[in-house]
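Remarks on the structure that follows.
Note that the chains take the letters A, B, C, D, E and F in the order they are written out, and that residue 1 is the start of every chain.
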Amino acid sequence: MRILVLNPNTTASMTAKIGAAARRAAAPGTEILALNPAHGPASIEGYYDEAISLAGLLGVIRDNPDVDGVVIACFDDTGLDAARCLTDKPVVGIGEAAYHMASMIANRFSVVTTLARSVPALEHNLHRYGLWARCARVRSSEVAVLELEEPGSDASTRISAEIARAIADDRAEAIVLGCAGMTDLAGRLSADHGIPVLDGVSCAVALCESLVRLGLRTSRLGGYAPVPPHKLA
Amino acid sequence: MRILVLNPNTTASMTAKIGAAARRAAAPGTEILALNPAHGPASIEGYYDEAISLAGLLGVIRDNPDVDGVVIACFDDTGLDAARCLTDKPVVGIGEAAYHMASMIANRFSVVTTLARSVPALEHNLHRYGLWARCARVRSSEVAVLELEEPGSDASTRISAEIARAIADDRAEAIVLGCAGMTDLAGRLSADHGIPVLDGVSCAVALCESLVRLGLRTSRLGGYAPVPPHKLA
Amino acid sequence: MRILVLNPNTTASMTAKIGAAARRAAAPGTEILALNPAHGPASIEGYYDEAISLAGLLGVIRDNPDVDGVVIACFDDTGLDAARCLTDKPVVGIGEAAYHMASMIANRFSVVTTLARSVPALEHNLHRYGLWARCARVRSSEVAVLELEEPGSDASTRISAEIARAIADDRAEAIVLGCAGMTDLAGRLSADHGIPVLDGVSCAVALCESLVRLGLRTSRLGGYAPVPPHKLA
Amino acid sequence: MRILVLNPNTTASMTAKIGAAARRAAAPGTEILALNPAHGPASIEGYYDEAISLAGLLGVIRDNPDVDGVVIACFDDTGLDAARCLTDKPVVGIGEAAYHMASMIANRFSVVTTLARSVPALEHNLHRYGLWARCARVRSSEVAVLELEEPGSDASTRISAEIARAIADDRAEAIVLGCAGMTDLAGRLSADHGIPVLDGVSCAVALCESLVRLGLRTSRLGGYAPVPPHKLA
Amino acid sequence: MRILVLNPNTTASMTAKIGAAARRAAAPGTEILALNPAHGPASIEGYYDEAISLAGLLGVIRDNPDVDGVVIACFDDTGLDAARCLTDKPVVGIGEAAYHMASMIANRFSVVTTLARSVPALEHNLHRYGLWARCARVRSSEVAVLELEEPGSDASTRISAEIARAIADDRAEAIVLGCAGMTDLAGRLSADHGIPVLDGVSCAVALCESLVRLGLRTSRLGGYAPVPPHKLA
Amino acid sequence: MRILVLNPNTTASMTAKIGAAARRAAAPGTEILALNPAHGPASIEGYYDEAISLAGLLGVIRDNPDVDGVVIACFDDTGLDAARCLTDKPVVGIGEAAYHMASMIANRFSVVTTLARSVPALEHNLHRYGLWARCARVRSSEVAVLELEEPGSDASTRISAEIARAIADDRAEAIVLGCAGMTDLAGRLSADHGIPVLDGVSCAVALCESLVRLGLRTSRLGGYAPVPPHKLA
């Protein structure tokens, strides 16, 4: 099985980190193709970056048809709906993946993301997916996405402090890390706080593999009807 | 006052029709600048077209800073959030505008849009705006967007039939027309059915003028924080 | 165009202040008729005052048929539904107007109103309008309505302190002032806090003018069906 | 124990019918005082009648302080909140009473009321009370309130037909009769359709008696804070 | 009238206390049969205890057919739905009873229960009943159920402190005590805090008596269809 | 990896069918242990059967500690919460599994289950999980659970007819089969109707394997806190 893990920003170090996490999560025999668009924003922090990254993101999917499924490795699930109109192969966003998985191991969870400007987009997704009622709160750590790429930054300390607040104040039973760039932090933070900490990249790889293995493909009726060929020219 | 009315698809006849409607709706002294991007989809029907139109749409806003407000003239409110990060001038989508206006003249309304593939995107917007509970149903007339541009099509007859069903089956007290290309049909359909029929283009122009006149600008706190300059280069 | 701006309490100084605000907000050529009932409560603070003011309020509407639209200038939108059964001219409440406008410039807003006893009525309205999900919190400043009429009161200082708490604690991106008597405070509070602060009187005047100009009238189907003539005798 | 059962319209035959139903429902030793205001609408059908009846309704409560509790015998629970600010004795509306009782004997219920114009007010109440999710549908039988007072009318036949539709189409497990004037029909309709049919008058009497017996009084904190004495003068 | 008041845990002192409270709440002429299963958990604190108690609980109902109604005296309304399939006599849970009663005397209430592990089950019930929107917060006092049976414990002091927090922080207008074992504390806590404090046992007895007296039985259509005889063998 | 697939009813032929489906769905190397309790109902159809099956179901989990995860193979997710208090190994219900998976390949889905009496329990689960908004409708096919075990029954024809209605009337984009006994029908029904048809057994096996592989365990904070040892004796 071959899964395209698509980082919609153009920061190659982050794509590499995401690819490594995806490979760790994948079942034996799954090949991970970790890519990012050639052009677009270096990080996705809020609505504008999301919009600007879409053409590149959809281009990568069109240019890599030889895969069994797609993971969109940005926590706001950038372009998820559009991608599902482009292919009936399973497309899974790392945000939705983490929310669904958290819902099966906890009554309620909190999200710890990067900047305050990203919070409303995540809240809108939670409403849309229907999982809003399962989320105690979406919290920002005020760690910028690219700080997560800097060796020696205190990013993980600040994220850890926000997790402590979520446990104390939100009655969260699990924590979802709200950025693909945090994928390598989940294990240690879970051990430190004694609470499940979910990383969307690994959750999405597992869910995408599952959909592929079960032969479940995106519906062609209604909102995900295929794009007419003349619009793809 | 100068309002940019932005049709995010590239069909010039539709832009002209929208511009004419906007001018009829505008207050004396308001100048309407009706534009569309040079590149992008000829019609916006569902998630993929929406995503593909965004770069062009945001480019038009960046290239026309000399306006007092912006109306996004596509009923799925394409790029609305991203545009609000780009400028603190009021940005109003024709979908949200019609929903807000309908909420002040009816207890509940139904939407009559073009194709079934567009329905989920509108439903998601209604959830997001919070006005879902005011909407009885989003109905598709199975009229494609570009059929609305063809002289002699029976599009308005099919839309009228769908309005009749909305009145009979949904207990709708008002009808919202779910496509910018239907802007010239509202008056006659309202007279024919004895029910308010709202056109988003005129609603959005009026709301955008109102926000400008009252000095209300998009918040710079939270989700609409301004895009950092280096990301606009 | 002629708009009846109806203060449902009997405090003439407040009616004058509201009328002045409405005139500042109105488009050129709009005449504002600012009235209050002869009899009824001097202030509307909670459910009982609301109920007691209704006969007077509806009487003023019946006695002034020669207008193009009506603004109900009490923040709990007293008698809004009943008024819409009495006339098909647009009737806009200042509460709903501010909520709709705030929804177009912010992802979420907080309301700062007068007394705690008024909070549940506003919360019920927000649920009813469907905009509850857009409101972070309805806060009371414990400023009584008539304190707003007293020269030299510290009312605006206490309201300002409550706005600061809404920004810090609610992640509010905009503030809605929850009393018609606060109409003259919005500009300065917005400047002081660097956040949009909405006054319902000006919002409602603009929305009412818009509905009139677009020819949109209250639906006669369903809940706003006209009152039978024998019931008006 | 003495319960004021207050019909807010001025139709004496209806007050008598309601009083008789209340007496049948009351526990031994409960005295029922069935009254209606001297002035106001002859029937309450929609928002306007509701508003116009309030002054009379609240006057009856003020003039009859020597009771242990109050039942408001109009299915849209006219003036319920205002009445609770006027006295801390239990005040129960027949609409809410029937909804609460139905929720304890059925997973979901449908309401069968009089005219279409009354439906939105009932839907708003259901939202407000929080019991919206328990209600499958609010249906109108197009029986006017005063038809229920006419001997020989076919009102009960039409209500019965609407109940049949609710069972077939709504998957209703119970039926709530949506008008105080239907109080004498519940028994026979329940037998005819093999489904619980709830009458609000008897439900409200039982709930009001229960609150009195348990010593539970309306909260004086928040929205039901007592009306200041100078406002009652 | 004879009401079975069923404590689903096996702690006889608690059954006695519940029975005494039920007798105090009952109308003259109502006989209270207070029972608990012979086998099962000594206290019900969370999902597992609930599940384990069900066979015993349903057995007591099957073994005591000679009653007019059933009260399930555990605040998470253990087995409520299953019991309603077993008999069409009214079955009332003390949790739902307190929520319904609180909704008629307060705009919003908070629940003060025992342990944090019990909170999600109560929140799920509130969602299910539809009354979630009326509940400000479910709070745990960290008083274990059996501590309430120990003479000299400081349980009531800790519960009282939690009530104070609910009034200050949740804007609660009423308090619901979230454990059958707290039934004897309601009166004093209400007096101490000047706020209605509801005990589910007395509320449920009154509601069950009301349903019996009004002849309202559990619906046999849909989810509460009777268990087929061969499954009861 | 070893997964306990637990059929909570006692019908061995159904357990065998479920086990076979689980093995088909499992990844290479996963061992499926398909069991049912020795005592309990032969089929689970509604609330009572659910309650009666719980002691047996939890006993099987306690008696089989040597597994890596548990699938509860009854579509109403019987005992899911209780099981999560008993072990921190992942426990996945087939109902929730199918809903989560369907949410990633369709905007909205309908459920086709067995009897009308089972519908409310599924609706309650959907509310609880938060996925209610994703479900267009829960439909009953009036096929009893054990009819699915009878060779030559027309069960699949009736289920197929209900799927056709869901596509036509509900605008469903995917179908979830609402009974473990339908596990062998999904493939053909999907092919026949050209729509994804999800079987909960295979979805749950894949999700449970994923949770195990990712090292995600049930939270021990809050509602799923471990049962104290003395309660397990």
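Everything that follows uses one rule, which is that contacts are C-beta pairs under 8 Å (C-beta built on N, C-alpha and C of every residue); 3 or more make two chains touch, one makes a residue touch a chain.
Owing to the predicted nature of the structure, the values given are computational and were not obtained by experimental measurement.
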Chain pair with more C-beta contacts, B-D versus E-F = E-F
Task = Give, as an integer number of Å, the spacing between the C-alpha centres of chain E and chain C.
result = 43
Request  = Compute the distance, rounded to whole Å, between the mean C-alpha positions of chain C and chain F.
outcome  = 51
Query = Where the CA atoms of chain D average out and where those of chain E average out, how many Å apart are those spots?
reply = 27
Remark   = Multi-chain touching residues of chain E, meaning two or more other chains, are 84, 107-108, 116, 119-120, 127, 133, 171, 222-224
Request  = Draw the chains as points, connect those that touch, then say whether the picture is a line, ring, star, complete or other.
outcome  = other
Request  = Write out all the pairs of touching chains, ordered by chain label.
outcome  = A-B, A-C, A-E, A-F, B-C, B-D, B-F, C-D, C-E, D-E, D-F, E-F
Message = Could you list, by residue number, the parts of chain B that touch chain C in their complex?
response = 25, 27, 84, 90, 92, 96, 100-101, 103-108, 129-134, 167, 171-174, 187, 194-196, 198, 202-203, 206-207, 209-211, 213-224
Touching residues (chain side chain E, partner chain C) in the complex = 107-108, 133, 171
Query = Which chain E residues qualify as touching chain F in the complex?
reply = 41, 46-52, 54-55, 58, 79, 81-82, 84-86, 116-121, 124, 127-128, 222-225, 227, 231
Request  = Can you check the complex and tell me which residues of chain C touch chain E?
outcome  = 116, 119-120, 123, 127
